[in-house]
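Take a look at this one; I'll ask things after.
Chains here go by letter, A, B, C, D and E, matching the order in which they are written, and residues are numbered from 1 within each.
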Amino acid sequence: MKKIGVADTTFARVDMARYAVKALNEQGTGFRIVRRTVPGIKDLAVACRQLFRDEHADLCLALGMPGKADLDRTSAEVASLGLMMTGVLEGKPIVECFVYETEALSAVELETLARRRAEGHALNAYTMLFRPHELARHAGEGLRQGFADAGPVRRTH
Amino acid sequence: MKKIGVADTTFARVDMARYAVKALNEQGTGFRIVRRTVPGIKDLAVACRQLFRDEHADLCLALGMPGKADLDRTSAEVASLGLMMTGVLEGKPIVECFVYETEALSAVELETLARRRAEGHALNAYTMLFRPHELARHAGEGLRQGFADAGPVRRTH
Amino acid sequence: MKKIGVADTTFARVDMARYAVKALNEQGTGFRIVRRTVPGIKDLAVACRQLFRDEHADLCLALGMPGKADLDRTSAEVASLGLMMTGVLEGKPIVECFVYETEALSAVELETLARRRAEGHALNAYTMLFRPHELARHAGEGLRQGFADAGPVRRTH
Amino acid sequence: MKKIGVADTTFARVDMARYAVKALNEQGTGFRIVRRTVPGIKDLAVACRQLFRDEHADLCLALGMPGKADLDRTSAEVASLGLMMTGVLEGKPIVECFVYETEALSAVELETLARRRAEGHALNAYTMLFRPHELARHAGEGLRQGFADAGPVRRTH
Amino acid sequence: MKKIGVADTTFARVDMARYAVKALNEQGTGFRIVRRTVPGIKDLAVACRQLFRDEHADLCLALGMPGKADLDRTSAEVASLGLMMTGVLEGKPIVECFVYETEALSAVELETLARRRAEGHALNAYTMLFRPHELARHAGEGLRQGFADAGPVRRTH
């Protein structure tokens, strides 16, 4: 039985973890989800560290939504580096799923983007854990999460 | 009995730790506070490291107020990365509470913002230690500390 | 028998790993390739960590293609720092091969650049493992991967 | 008997360590100073690491003066992150005292600023080691080193 | 017998290591040089790590030449952080000698700058290893490598 850690925030304006958990459960069985909600994106790294250490998660999904302010960009970078440090030290994958408020033009768009990206990264997390070789079949195909796939450079490849 | 480390600076122009400690004490009992004041924000990471190592803190609250100069932005980023490293290495939460002088337009506004943010993060720290599952109930609700909550994207959610 | 880890992404719009593997196999024998495809460039560091730890790779080749958005630049920097941390902690080389979408003006150019850079870095990886002293003979010669060599400052050197 | 490590550079245009050592000695006794001069600010982190490891310093004071060029800003950030890593790994304070050449308008001003900041940080270092609780009495008072104190937001506090 | 590691790249457009090795040998005896050439500046950190680990170097000299593109600046920063991590983790000095192509206006100037800076840093490396106390005599004197010394702020000091 695999264990998937899900870390998310009260700062985000969409309950992305809910969509991620739903998407994970639709993929199949054979795993348990442990969720930990923290205040902001800078708290996600330690949350993941604890999910690995205390809950023995095999992979973590870290969901966050940096705000519109210039300072939020810097926070996101620090948060991201923290997740990176944690993943490297643990030697286990952390799927970072950040949606920047500035990526969407309206509330509706933001909600949709956040939902779709959470679903997309949840699917990736599942695939990484249970069907890692499947990813290789899509190498270099310009896959995206949240927006439409960019696709490979040469579609007739 | 839990232990909460509070690290703050003489550089800050508001005694944010005083507000944080007051807010913590209003939340309840069952914890002891250990405070360590250092000169500037770049000293906070080691202060937290020592609060974890020497004082066996379960969580640290790191309060600071980066100045107006361009160089202060860089200092804040370095300080923030130091806190991140410390939290990840210790595997224990550090609640970073920074108020940028540039976020407020007047002295009064700065004082108010600093007080409210210190209180907000103190409350978060308390919740993380004593009622972690309560945070999950507010996941994705656009909660803020210091300013008004941004709220969830869809209020009719 | 040496082992070369190849980590690549489904985000990239060109299957750079395919070119890299082909180029490696054309260099000679005496090594085995272990490939791991992950969703994006930020997942490469942990993939390399696992290739070192679980597969005992002697060197990793990390291939990625940051997108056009401003945020992709930041992601690439974080991804790059993660690869750096991993290489330093493992004490083993990670040859980073990133192609920025913004480096090419057209799809054809991007495909060509990605192919040539993957081949160039694959050749470097092979040389680092099997003929390290050969690199010293080309020290300071302005060699490039993907574009034409810049060459040494003084060609009559 | 405590030990204070002092690391400084030949790159700086003012002998800041001389002022710092003088200021430390004026504070009191009960400590020994071990000084290590390195070429530039990027060498300070390892110098401190060695002062902690080989000389058993209890605290290090790292003095440097980044130049005027744009590249010097980046160097200072890397140097600063190195000091941060070192402090966090050692769990011991490194008081960073950097004076940017761009902070002063003339040679005289630069000399004065460098002297005063070195003295200010030396005093902080002494206080951190010998009278740590005294810092708490000045929490949030807007103290500065080199320039006049910014002071607390509300002077009638 | 001390050991000096010299790490350089095939990306650089000047064979800086050759100048550095020559300058080291002109300084005196009592050391052996171990050289390792890698493709680019991002490979220098692991090369140094291996020079410390496998070759027992006492100090490393890391020579590189970031190109003109904007992306090269970011690469240099990542490379520099990698060298910093390595030096801090090993507790041994890495003398970073980077020459940015943008620092020179012509090929001749670049060659001269690269040669002089390599020689200057090689001399520093030698002094750090064999006459560390000599550096203290030049503390705060505004010494530079490659360009003319900036000199101390007050020449009549």
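The rule is short, and it goes like this: a residue touches a chain if its C-beta (ideal position, glycine included) is under 8 Å from a C-beta of that chain, and two chains touch if they have at least 3 such contacts.
Values in this document were obtained by computation on a predicted structure and should not be read as measured data.
If you take subunit C and subunit D together, the chains in touch with both are E.
Between the two copies, subunit A and subunit D, the Cα superposition rotates by 145°, quoted to the nearest 5.
Taking the mean of the C-alpha atoms as each chain's centre, subunit C and subunit E sit 25 Å apart. If each chain is reduced to the centroid of its CA atoms, subunit B and subunit C end up 40 Å from each other.
Counting partner chains per residue, subunit B has residues 77, 81, 85 touching two or more of them.
Chain-to-chain contact here is organised cyclically: the chains close a single ring, every chain touching exactly two others. One closed ring of touching chains is present, and its order from subunit A going to subunit C first is A, C, E, D, B.
By the touch criterion given at the top, residues 73, 76-77, 80-81, 84-85, 87-88, 91-96, 100, 103, 121, 124, 128, 132, 135-136, 138-145, 150-154, 157 of subunit E touch subunit D in their complex.
For subunit A in complex with subunit B, the residues that touch the partner chain are 8-18, 35-39, 42-43, 45-47, 49-50, 53, 65, 67, 71, 74-75, 77-79, 81-82, 85-86, 89, 107, 110-111, 114.
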